[in-house]
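We call the chains A, B, C and D, going by the order they appear; numbering starts again at 1 in every chain.
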């Protein structure tokens, strides 16, 4: 018996890089939080303190900044792939690189009177709705390089003020919950969807996927399915949302959800001689239900490498 | 010399009440975080432990919920006034009541195809931009009742990617900052604007102020002024925003700002042989500049009661 | 009528400076979050964008670091005074400077076997209990310089599992709370205590106050009074704590408390056929009671400058 | 090809239960945040909305409270096992139950004069250092029941003011970091250690493991190893800490670490004509290095079920 080093990885987390695209007077901004990680032969760093195999996390941060110049104007997926490939190029002892991006959307500030209202060229207001995410994992180098891409979002907070029930559930001696035909259903959704693994990220400019458009499409489908379907449970709603996303994007392999059930309790106003016909609710913080579910094509191969170290899964 | 009780107040903070307006199938929601506080003759509670003058904070919470039924469908200002008046009615030993509201906006989830796209009747997505706020303080009871109303917003995060400079500043032996003709200017704004004190809150339905419209108007003016004016310093921008708000709402007495200067540092890419013509920035967390300034009509009377215990001021 | 600039100030918030005292092999650390602010004649910066009166907040940050070298090894109060004086020296257009410090305590990591257990010379673990604070405001310069010092703490979280009641309170139609003879009382205390204003900060090394010892003394008195007194309400407990602090430190003018009543609700286990004799509680997040109270010597002069812009008051 | 439901689970997250042990006048408190989750045959809930297999998360919350009465006075591991077993008993369609606990330590408030100083019987101050954690997963029921136990801690923030270097690392064109012989090393550690799987949790009262003592022992070893070993990299320190923990607890199978490298940058005071011999540092927030590593006995079997859904791994 010996005590040994097991799996390990290291990197630089949460480099906050803002890329201004100012090719014309009408600027664009890409506001991102980027984390990098390397796996590989780093045993010496642990066992003897020898850092000869270790590209400093400070160099990884510098790479995130430097690559924002050339690769940061496009989608987060393309940018993440460029950074991951560079880290593998710079770090011969690494066998895989993972780059995670959180992206915060900004809208142009509206200016002008009602008739001529339009967005300003270089003034923005942070949108504040969901955060877009991606995780890119590159294993190996050409010709054996393999690319895994997850896209996703987090903190998409949605609510239905009716069209949701919860009844017919299993009960035990600790069950006190009443059935309900009409409740508020609310969640703050995290979702990850997985693209098929491959060797290249083609982009719309090279005849391939338009990653930004794909993101918008999946988000719109999640929105619309949540809004327009009746809910007998958050579980049912998640499966419907997952199906709709996979139907809308035929090359998606799977989608995974983490969905807190943000409870809105109908306040009992009877002690004050008042009815409460679904009007006054207490939005509680904790505890909350937590539903996590995967939806997948039954013929899609698994891809464990894509999900490694991904938060929530 | 004796040790004595000084100023004191108590209340219930952060009651999270959601009011669904379901008079028709097209629901509205008002999502609020409500805090109440009472000042008055509560010395016995401190000095002898006698609670005979103390309306429990639990009863204040119940009032917040109960009043949401009848008064919660309209503006936060009207609702806060109703709650404050009720607390003074219920608590004869109180001399003033303060009600603070934070309000979180929700948008209808868009549904339908591109041509028929519209918002859903009862499904919403949290907007996530700024939080609307108000602080209502009622002193006394009829016929000597006096009403103080602040409206405001917090976490309005705006950014200009150009049109901002910082130069010509005072220097000392600890000054290392370089002057700049072109930088990112970003802030996460808190603003409070004060309405003239009075005895009544009239509303648009009673021939008076439309509080929701006034909020939208001030916000639009803040947005537009930030976007369309050149900035020689965040200080200059704040004064311009304040002026514009007071000009747009002639009965406003003053507006106060708390504005962190959210630094975006141009990354030095020269060590990598690269230029950085205003494209790649590091968004730093701490430290940050903090500018706080008031803008007022020079003939407006002060109103200390309105500002009492208000965060940031 | 004109629209004019009112009160304003600016500075650098939250510079995170760690000072290692390594005069001997047994190191000490002072871990601080420092915010500075200046008031004075800064109208031009707002009105014309002329920055000639404005010492950049970046220079203020540099001062915080540079002064940590010479003045950062002692108490936060002495360090804050040194920084404030320097900012007034560097900024001739400023009329007052305020320096706020939050200080995080670290303990030496215990090493050695049970008999020889002692703290390590240069390895520390963050204590994590309350945060020590101070706010120093310097108005003017010699010979008219005036110094205002608040010391304090925040996030001191204390709990009594018995010895607390709440009954005999005022009721109204919205009161549903039951009286109780025995409850959990818990709060996360913020306290500020004010020293008499003056011209100098004398320190223990100059025959004057030992600021660190004074802090420890006040904290110990707050602890002990909370622990050993029966509570008929959080209000009563705060007054007792304030009295005890002022009695322990005869030159303190006043102390102010902000105390959330962190509710622990006895869980109703009766539906499951179980008693709950004060054993199982739900610790709720929101809403919470909030009690704020001042305790003062009746012959102490007011000192508005000391409290200006202080959070919670 | 079809779109199908994949892995899924559901439960109640973050029930905040406080258990007061008042068998004698000298109370104890156990302050916990408990999350439960069930896996099993819940496909109908997703596919048809039929909830007949679903024990409501509200009932899970009630179970957490009810079981705190009988099982909440001891270690978090024993309590979690009791809750997990009960959930499997109540939910015949579940195949496994996972219970996670975060536990917040409180210390007795010291009272009495210096000579007779001791902890109070029923007044406590929250310790605020690390949070103790455990994750218990029960698969199946007797006689095929299998138990997996992780213990751990999070937010253990430690710092060495010397005795740490970083040099000899790999460089590339984006490397600008200088080597250093003496730096601050600081981290906020998360650690999980895995006990061998089995069928029963024996406790010290039944001749088996004293879980509280084991926790204290592992924590002490982590503390002491961090303090007393020289660090050529955080990687080396983690392996040393892991070895020491496994050596101290011979039946531990493995330990896993997630360790942010909380950077403390030596401030350049040269522009002000000052040296900085390791005295003044800037504690930066983001980005940060992130090192994650596992240390294990080479003859220990894997146990994937123990780690399922565990945050950080």
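We take it that contacts are C-beta pairs under 8 Å (C-beta built on N, C-alpha and C of every residue); 3 or more make two chains touch, one makes a residue touch a chain.
What you are looking at is a predicted structure, and each value in this text was computed from that prediction instead of being measured.
Engineer: Is the number of contacting C-beta pairs greater for B-D or for A-B?
Structural biologist: Looking at contacts between chains, A-B has the larger number.
Engineer: What's the chain with its C-alpha centre farthest out from chain B?
Structural biologist: Computed centres place D farthest from chain B.
Engineer: Just the number, please: Cα centre separation of chain A and chain B in whole Å.
Structural biologist: 30
Engineer: Taking each chain's centre as the mean of its CA atoms, how far is chain A from chain D in angstrom?
Structural biologist: Each chain reduced to its C-alpha mean, chain A and chain D end up 25 Å apart.
Engineer: How big is the gap, in whole Å, between where the Cα atoms of chain B centre and where those of chain D centre?
Structural biologist: So the centre of chain B lies 39 Å away from the centre of chain D.
Engineer: Could you say which residues in chain D touch two or more other chains, in rising order?
Structural biologist: 15-16, 62, 66, 173-174, 176, 272, 285-286
Engineer: With touch defined as at the start, can you tell me which chain C residues reach chain A in the complex?
Structural biologist: Listed in rising order, the residues of chain C that touch chain A are 173-174, 176, 271-272, 285-286.
Engineer: Which bits of chain B are touching chain A when the two form their complex?
Structural biologist: Within the complex, chain B contacts chain A at residues 15-22, 27, 29, 31, 62, 65-66, 68-69, 72, 106, 109-111, 120, 122-130, 155-163, 184, 220, 223-224, 226-228, 264, 267, 269, 272, 274, 276-285.
Engineer: Would you tell me which residues of chain B are touching chain C in their complex?
Structural biologist: Interface residues on chain B, with respect to chain C: 1-16, 33, 35, 37, 42, 45-59, 61-63, 66, 90-91, 93, 166-177, 231-233, 235-236, 238-239, 242-243, 246-247, 254, 256, 260-261, 286-299, 309, 311.
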